[in-house]
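Two complexes follow with chain A in common, the first pairing it with chain B and the second with chain C.
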Partner chain A sequence: MSTQSSNLVEASVLINHEVGLHARPSVKLTKVAKAFAARIELAIGVGGAWVDAKSIVKVMATKAPKGAVLFLRAEGQDAQDAVAALIALVERDFDEGNAHVVAP
Partner chain B sequence: MSNVGIVIVSHSPLVAQGAADMVRQMVGDEVPLAWCGGDPGGGLGTSVEAIMQAIERAWSEAGVAILVDLGGAESNSEMAIEMLGGDKAGRIAICNAPVVEGAVMAATEASGGASLAEVQATAQELSPA
Partner chain C sequence: MSSLLRLTGTIASRGFAEGPLVPLVAAASRNRAGGNFADETSALNAAIARAAADLASLMASNGGDAADVLEFQLAMLEDVSLAESAFADIAAGTAADSAWAKTLGEQIGIYTAADDEYFRARSADLRDIRDRVLRALTGAADFRPPAGAILTGDDITPSQFLAADWSKGGAIALRQGSAASHVAMLARARGVPMLVGLADLPLNGAPVALVDAEEGTILLAPDAESRAHFHESQSAAAARREQAAAAAHLGAATADGTRISVHVNVAEPGEVESVDIATCDGVGLMRTEFLYTHGLPDEETQLDAYRRVVHWASGKPVVIRTVDAGGDKPVPGFTVEESNPFLGLRGLRLALAKPDIFRVQIRALLRVAREGNVSVMFPMVSLRSEYVAAEKLFREESQGLAAQGIPQAIPRLGIMVEVPAVAIAPEFLDGAAFFSIGSNDLTQYVMAAGRDNGAVASLNDPTHPAVLSLIRNVVRVGAERHIPVSLCGDAGGDPAALPALLATGLRSISVAPAQLPLAKLAISGVRLEARP
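Take a look at the complex of A and B:
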């Protein structure tokens, strides 16, 4: 879901990735965010602190687990596209599918 | 526009190569990357010459960020930068950051086209204050 007022775009998505927003998913999310000019922030859960979605250190530090709701907000000319791309990445499970298999 | 290059310097070639593997797998190949480790005799250590060669392999017009592990890795990197000298020396930065985590963070930042100063700052954001 997403709402738009002027050029501020907000949306939220459920993180289904097996290990949550850990190292590899964080790197992917940050790289997608960096491709856009818009200011993009994310927060984990209602009331979570907003952090710069383009900062790999801050995104990884959220340690969002599987089942957490990722809130996004973006502002700028390509904000709509940026949020759509990030939501799509999370919904695609960061293009990893079942890549995370528990080691024997 | 070229992305900042990353050089990984460890006393152990296995550590350096492993860290580079993590960068390649987690961040991708849009960042120039090179590593070196071990002394010329096959033991643990670092070599100024090998560091200079790694810098050349990872060279980018945007500059190169170096991640080092302990003591000699840093002093030998400083010496390598000094020996390269000239214009290049001014576009090389040693990051005060843990080598594995710092390399992944720095490469992620570099992959988005960030400047050398931004790449260095991102790697160092991880370090204890």
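Take a look at the complex of A and C:
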């Protein structure tokens, strides 16, 4: 799902990762976000506060669990590509597969 | 024995270790004399840069899992928003070290207060970042514990773990800590024994202690007798592992040569990746509940998951169980809320009550059935009419797919034997292609003792004569009517229960992948024929 008005792009995606938006997924997400010039923000759930998607400190602080809906909004020249790349990363489950072994 | 102190904790990483108890050294809290605003700002900037450079070189020298853990710390450290409030405090006149410690302390507090164990466990990474920068600010030396030591503390940071030399043994024993921490993950990968939650562990060091992270205990001030006992357990465990590894590729057989089929239970497709198909006889139970954890899965999603396991099995049998959901593990849009979910609308009962949802799974199963040696079984069957209704749905969907020209095949359709009514009178279900005894549920229903209730755990015994008598009955009826019988509960992987199970005539079991080597080893020690 994404909507576009002038150069503001918005979208949302379901986080399927076994333990949510945790350390390694956050590293990957902020790395992808930083590759774009656009101002990118994310929020968890409908009521979540918008935070800078390029700041791992702020992304981790959202404590987004598995099953949370991640909302994205980006503004700038490459906003459309940035949002598409971030959605794809979450949909690929951060390239970690689902073979996550839960500690005993 | 009076001076012995034995503490029991939670196992975060298995193994044995003997060595001195060495307390983990807390961050140097040597106070710097605060300088002016410009000096303090540049001191903190320099310390952060120095810490980042140290992390980058540690990542380069460690690689693998350790690099992943450190990359997270490096990303946090390089994020300017981490130190924002520390620089604000410096501007207000605070010294660099106090400002940094206060700012990181607030961050650590946020993680420590999290509800989710995983996020709580990240507080160790934040402490690691705090201490690394403080050491750079104060010039304190890095922590270097002696090789072979048992490191003790409230918790341990990844840097402390990586600074230790584990080549000569050693272990980790913590008052708090978490099996979900980054250090626990590293410890498991490197075979370093680790116990957490040892609330009464003294932290003042000791010349020797024994860690048995198979039992979950640490023995302080051991005497000669307890040391001898420890060494026996240690070498017995090592011998078991070696024997099991050596026997991994052999087929399982009892001491007197009876072949036993040993299959694996699979809870999600990723689990088979670490199992060599040559070490087992196929999949005795593929659960499908994992597909329903985010709501109702579509046909293609299910087909992909089944294919992964069926293709991995390379022609060996794969038994897929239709969804076994119930009110105890709610699936939105599927399960119903009940006051007593274990005796309610669950397993096949629920699937038949929601045929539109069940038909999606049936189509995916029909489509995968032509790609391998696939059987399907139904959970929680009590009546023949339930089996007949499910079989009818398979025939209807098969005709529907055939009409659309979609390749498919009807798999062998069997049942789980877990409701006592079926175990008592299995002959009424003789239309089923096979019986798979679910010993966990059968035991809880026969003994009237919930599986999830520790207070009645002693009643929940699959080797109770009543349970064994029912298993023997199912095996007997199966043999008379040429219906194959297998068992797929936890008891099949329990070396203590296996002799009694095989004595009932059972010749096929299915166990968790981790139990496979030890189950085969236990089978090889069983003698079925009565000795003269």
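Here is the rule we go by: the second predicted complex is superposed on the first by the 102 of 104 C-alpha atoms of A that agree within 3 Å, B and C clash if a C-alpha of one lies under 4 Å from a C-alpha of the other, contacts with A are read in each partner's own complex, and residues count from 1 in each chain.
Basically, a residue touches a chain if its C-beta (ideal position, glycine included) is under 8 Å from a C-beta of that chain, and two chains touch if they have at least 3 such contacts.
Fair warning: this is a prediction, and the values are worked out from it, not measured in the lab.
With chain A as the common reference, chain B cannot sit beside chain C without a clash.
By the document's definition of touching, both partners, chain B and chain C, reach A:55. Of the two partner chains, neither chain B nor chain C is touched by A:85. Once the two complexes are laid over each other on the shared chain, residue contacts for A:65 go to chain C alone; chain B is not touched. By the document's definition of touching, of the two partners only chain B reaches A:35; chain C does not.
In the superposed model, more residues of chain A are touched by C than by the other of chain B and chain C. By the touch criterion stated above, A:27 is placed in contact with chain B and with chain C alike.
In the superposed three-chain arrangement, chain B is struck by just one stretch of chain C from 55-63, 361-369 or 469-477, namely 55-63. Residues common to the contacts of chain A with chain B and with chain C across the two structures: 23-24, 27, 30-31, 55-57. Touching chain A in their complex are the following residues of chain B: 26-28, 104-105, 108-109, 111-113, 122, 125-126.
Chain C contributes residues 11-12, 68-69, 71-72, 75-76, 79, 81-82, 107, 110, 114, 116, 118-119, 122, 125, 178-180, 182, 184-185, 268-271, 273, 294 to its touches with chain A in the complex. The residues of chain A lying in touch with chain C in their complex are 14, 16, 19-20, 22-24, 26-27, 30-31, 52, 55-58, 60-61, 63, 65, 67, 97-100, 103-104. Chain A makes touch with chain B in their complex at residues 23-24, 27, 30-31, 34-35, 54-57.
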